[in-house]
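Okay, got some structures for you below.
One chain, subunit A, links the two complexes that follow: it is found with subunit B in the first and with subunit C in the second.
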Partner chain A sequence: MKLQTDMQVHRINDYLWEIPPSEKPGMLVPARIYASAAILTAMDRGVFDQVTNVACLPGIHRHALCMPDGHWGYGFPIGGVAAFDPEDGVISPGGVGYDINCGMRLIRTDLSLSEVQPKLELLMTELFRRVPAGVGSRGFVNLTRRDFRDVMQQGAAWCIAKGYGWDEDLERIEERGRLQGADPSHVTDYAVERGINQLGTLGSGNHYLEVQVLSDKGLFDRTVAAAMGLTGRDQILIMVHCGSRGFGHQVASDYLKVFEKAMRRYGIAVKDQQLACAPFRSPEGQDYFAAMNCAANTAFANRQVITHQIREAFTAVFGESAHALGMHLVYDVAHNIAKVERYPDGEWLVHRKGATRAFGPGSPELPDCYRAIGQPVICGGSMETGSYLLVGTDRAMQETFGSTMHGSGRTMSRAQAKRTVRGDQLLRDMKQRGILVKAVSMSGLAEEAGFAYKNISDVVDSVDRAGITKKVAELKPIGNIKG
Partner chain B sequence: MPGTFRFLDDIALADMAFDAEGDSLSALFDAATEALLESLADPTSVAQTWRHAIDMEEPDIPTLLFEWLGRLVYLKDAHGVVFHRVSLSLEQRPKQSSWHLHADVIGAPVNPATQELRSDVKGVTKHLYAVTQDGTTWKARVVLDV
Partner chain C sequence: MSYAGTNVESPLQPNWEHFPHEADMGVRGIGPTKEAAFAGAALALTAVITDPAEVIPTQPVTVSCDAPDDELLLVDRLNALVYEMATRKVLFSRFEVHLNAHALQATAWGEPVEVARHRPAVEVKGATYTDLLVKQDQKGSWIAQCVVDV
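Now for the complex of A and B:
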């Protein structure tokens, strides 16, 4: 097996691989990668370099981890997970990502494909009109600075209080859509000015809103699926992928500069400038954590406002209330975040960067409706191939700090994808295959072509067979909105 | 001579990267600025209805270029605009041990109906970021997070 690294990579089992600390000076713990042999072989060199860089960070606990959708990222690899001792470990924006609390949301309906298909064009037009996407897009919610401070602190709960959602939504959002410790006084004016007009917008890049169908064939675990309100029978669902937009990015950029200086003060050396960090308990570490929580709450609010707009669009097209259409939230989960979480062996500051929380059955953090089955995990694939719903396991709690994959992972550059296909051609091809796309940018659409990504089914099979999450359902796209 | 830029394929798979160069610092800044403008939207499709003047001062050229490009991204989000062109000038201020940039930014509010919009760049990263001088040629490598 020829890997894109010169480091020794030992097989733990068919879906878990380990790089020992002897492979790089400064490694404090082993690095572990969850992947099939085929996926591991295809992984870029950056994954091996970066996951071992993470293993060198002060206070890291047990292992530096990478999931099978891993690829090169800034600082941490995408798919990276690492836990740090909150007392003497570090916090790093490079372990969270620029798009703080980028995440996934899934909404179910009682509608079937046969009911939606005749109105799909109208539905996608209505969704495209109500959920702004693309460069410089602005949301419909006009916020004062005071309002935006409340959004930063209250997250999705602010939206519910303003009528942009249902009370029941909150229990189906990670941390009920509100991280504690958000303090707007640690957010710069630049960040506020970038974010204040973006609530309820998708952004661009790999962010999307997708109308999906769940056939009987796509059901892997009917019992667990039923607990999540998934029935099969060509059921229609809506998936949303987006985060904190320019606001979160500005928070990350602002604190990378702070941390570059702080590292000198605290005598911390890192292998990569993008791994800039500070002790979690230091003033700089706490300030970043407070600002990061503001961005995370804003992302929860962003997805909540988008949910409201989706419900409004369905109501307008199908002439029934969202309640009557059964448009309940299945779950909302972050995949770019750092949080203090409690495990049997202690309390750890867990960084997930392109990785999803996947708490197993019985976890007290889960709402009553999911405590018996485990946490829903939403993994988005490319707009051409489909997505998956999985569920967290006990094994994830034991091995991965309750974490798993988040998507399929790119394999082709944006520039190469654009040279391979034109956006308008892709639009027509997808329409012929039954997927209606509304896109702001044709070049942006071409960049997101399915062939630019790993096969998500292979990635999902890796985490399923590794036992850190179990497959529940495969969802196929019929409509997609891109920035 | 005007500066030049080219987008890079093999760096930052999920994002965008470019190399810019020029035979003067001004030419380098012009080229890097043009690369960022092209990343956001086709500048020829953007009208000239919005103007904004910027003055910035930083201790060194790499920091000034990094912060300047970041400022353009900020303007895009905070003002909801994309750009047609930028006129900029650089001045070394030895007394302050700093470099000063003045820029006149011209563009228009985002309008998907009339503009060819491209990627919603979220920021400039430090990954592989470098500004170097090779003889009389100034070069920069920039990775943009999209």
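Now for the complex of A and C:
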């Protein structure tokens, strides 16, 4: 097997590989990659370099991990997971990502494909109108600075209190959509300026809102799916992928500068400038954590406001209330975040960067409705291929700090994708294949073509067979909004 | 290299280009001086979003920053432009840069985003430390580059 690294990579089993600490000076723990042999072979060199760099960070516990959707990121690889001792370890914005609490949300309906298909054009137009996307877009919620402070601290709960959602939504959001310890006094005015007008906006790049269909053929586990309100029978669902927008990016950039200086003060050396970090218990580490929680709460609020707009759009098109249409939240989960979590072997500061929490059955953090089956895990694929719903397992709790993959992962640069296909041609091709796309930019659309991504089914099979999450359903796109 | 372009003030001299990155985009400015390379990198930043030739340089915005070294100064400078673009909802196409050690004083000229005319492809969210480099090559040209997150 020829890999894109000179390091020794040992096979643990068919879906788990280990790089021993002897392969790079400074590695404190082994690095582990979850992937099939085929996916591992195709992984870019950056994944091996970056996951072993993470294994060198002070206070890292047990392993540095990478999921099968792993690819070259900033500091951590995308798909990276690492746990640190909260007392002696570090916190790193490179382990969270610039788009703090970028995440996935899935909403079910009682509608079927045959009911939606005749009105799909109208529905997508209405969604496109109500959910601003792309460069320069503004949210419909006008916030004062005081309001925005409340959003930072209260997250999705602020939205519910203002009428942008249902009380029941909160129990189906990771951490009920509100991370504790969010302190706006540690957020710069620059970040506030960038974020204050963006609540309820989708953004651009790989962010999207997608109308999807679940056929009987797409159901892998009917019992678990039923517990999530998924019935098959060409059921319509809506998936949202977005995060904290420019606000989170500004928080990350601001603290990377702070940590550059802090590392000198604390005598920390890192293998990559993007891994700038500070001891978690240091003033700098705690300030970043407080600001990061503000950005994470804003992202939960962003997806909540978008959910409100989606429900309004469906009501406008189908002439029934969102309640009557059965538009319940299935789940909302982050894939760019750092959190202190309790496991059987202790309490750890878990960084997930392009990786999803995947708590197994019985986890006390899960709401009653999911405690018996495990946490829903939402993995977005490319706009052409579809997405998956999975569920967390006991094995994830034992091996990966309750973590798994988050999406399909790019295999082609944006420039190469644009050279390969024109956006308007892609739009027409997708329409012929039954996927209606509304995009702000044809150029941006071309950059997100399906061929620029790994095959998500292969990636999902890796985590399913590794046992760190189990497949529940495959969702196929029929409508997509891109920024 | 995916795209390259010329500065409006020296149309015969290509002064920016993009370089590939799997998920995002690399921006590179090239010029006879460090200032020109910084200006080229800023133009490359605009070119990630739209065709700079479509952006009419009418409104000036002044940006100043300082940093411990040239590389960090480039990131700060590009992030300052991203901030101005995001909060003012503008795009820039003309840049003037003055450097004094690791302190930068610069003016950028541009206009408000018009989606129909500018057809912005993506929103640049910030500059990163990845492939970050400010140096003079063997021929004497200055290069200023990094990957930007989109």
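Just so we're on the same page, the second predicted complex is superposed on the first by the 483 of 483 C-alpha atoms of A that agree within 3 Å, B and C clash if a C-alpha of one lies under 4 Å from a C-alpha of the other, contacts with A are read in each partner's own complex, and residues count from 1 in each chain.
The rule we apply is simple: a contact is a pair of C-beta atoms (placed from the backbone, for glycine too) under 8 Å apart; a residue touches a chain by one contact, two chains touch by 3 or more.
What you see is a predicted model; the values in this text were computed from it and never measured.
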Partners on subunit A (subunit B, subunit C) - clash or fit: clash
Which superposed partner A:R414 touches (first subunit B, second subunit C, both, neither): both
Subunit B versus subunit C as contact partner of A:G479, first or second or both or neither: neither
First, second, both or neither for A:G95, with subunit B first and subunit C second: neither
Which superposed partner A:D44 touches (first subunit B, second subunit C, both, neither): both
Which of subunit B and subunit C A:Y74 touches, first, second, both or neither: both
Subunit B versus subunit C as contact partner of A:Q274, first or second or both or neither: both
Common ground on subunit A, meaning residues reached by subunit C in one complex and by subunit B in the other: 44, 71-74, 78, 98-99, 134-136, 190, 193-194, 203-205, 246, 249-250, 252-253, 256, 273-274, 410-416, 440-441, 443-444, 447, 483
Of all residues in subunit A, those that touch subunit C in their complex: 44, 46, 71-74, 78, 98-99, 134-136, 190, 193-194, 203-205, 246, 249-250, 252-253, 256-257, 260, 272-274, 410-416, 418-419, 440-444, 447, 483
Complex interface listing, subunit B residues touching subunit A: 7-10, 12-16, 40-41, 70, 73-74, 76-78, 80-82, 109-110, 112, 116-120, 122-127, 145-146
Residues of subunit C touching subunit A in the complex: 2-3, 18, 20-25, 49, 68, 72, 76, 79, 82-83, 86-87, 89, 113, 115, 118-123, 125-130, 132, 147, 149-150
Subunit A to subunit B touching residues, read off their complex: 44, 71-74, 78, 98-99, 134-138, 190, 193-195, 197-198, 203-206, 245-246, 249-250, 252-253, 256, 273-274, 410-416, 440-441, 443-444, 447, 483
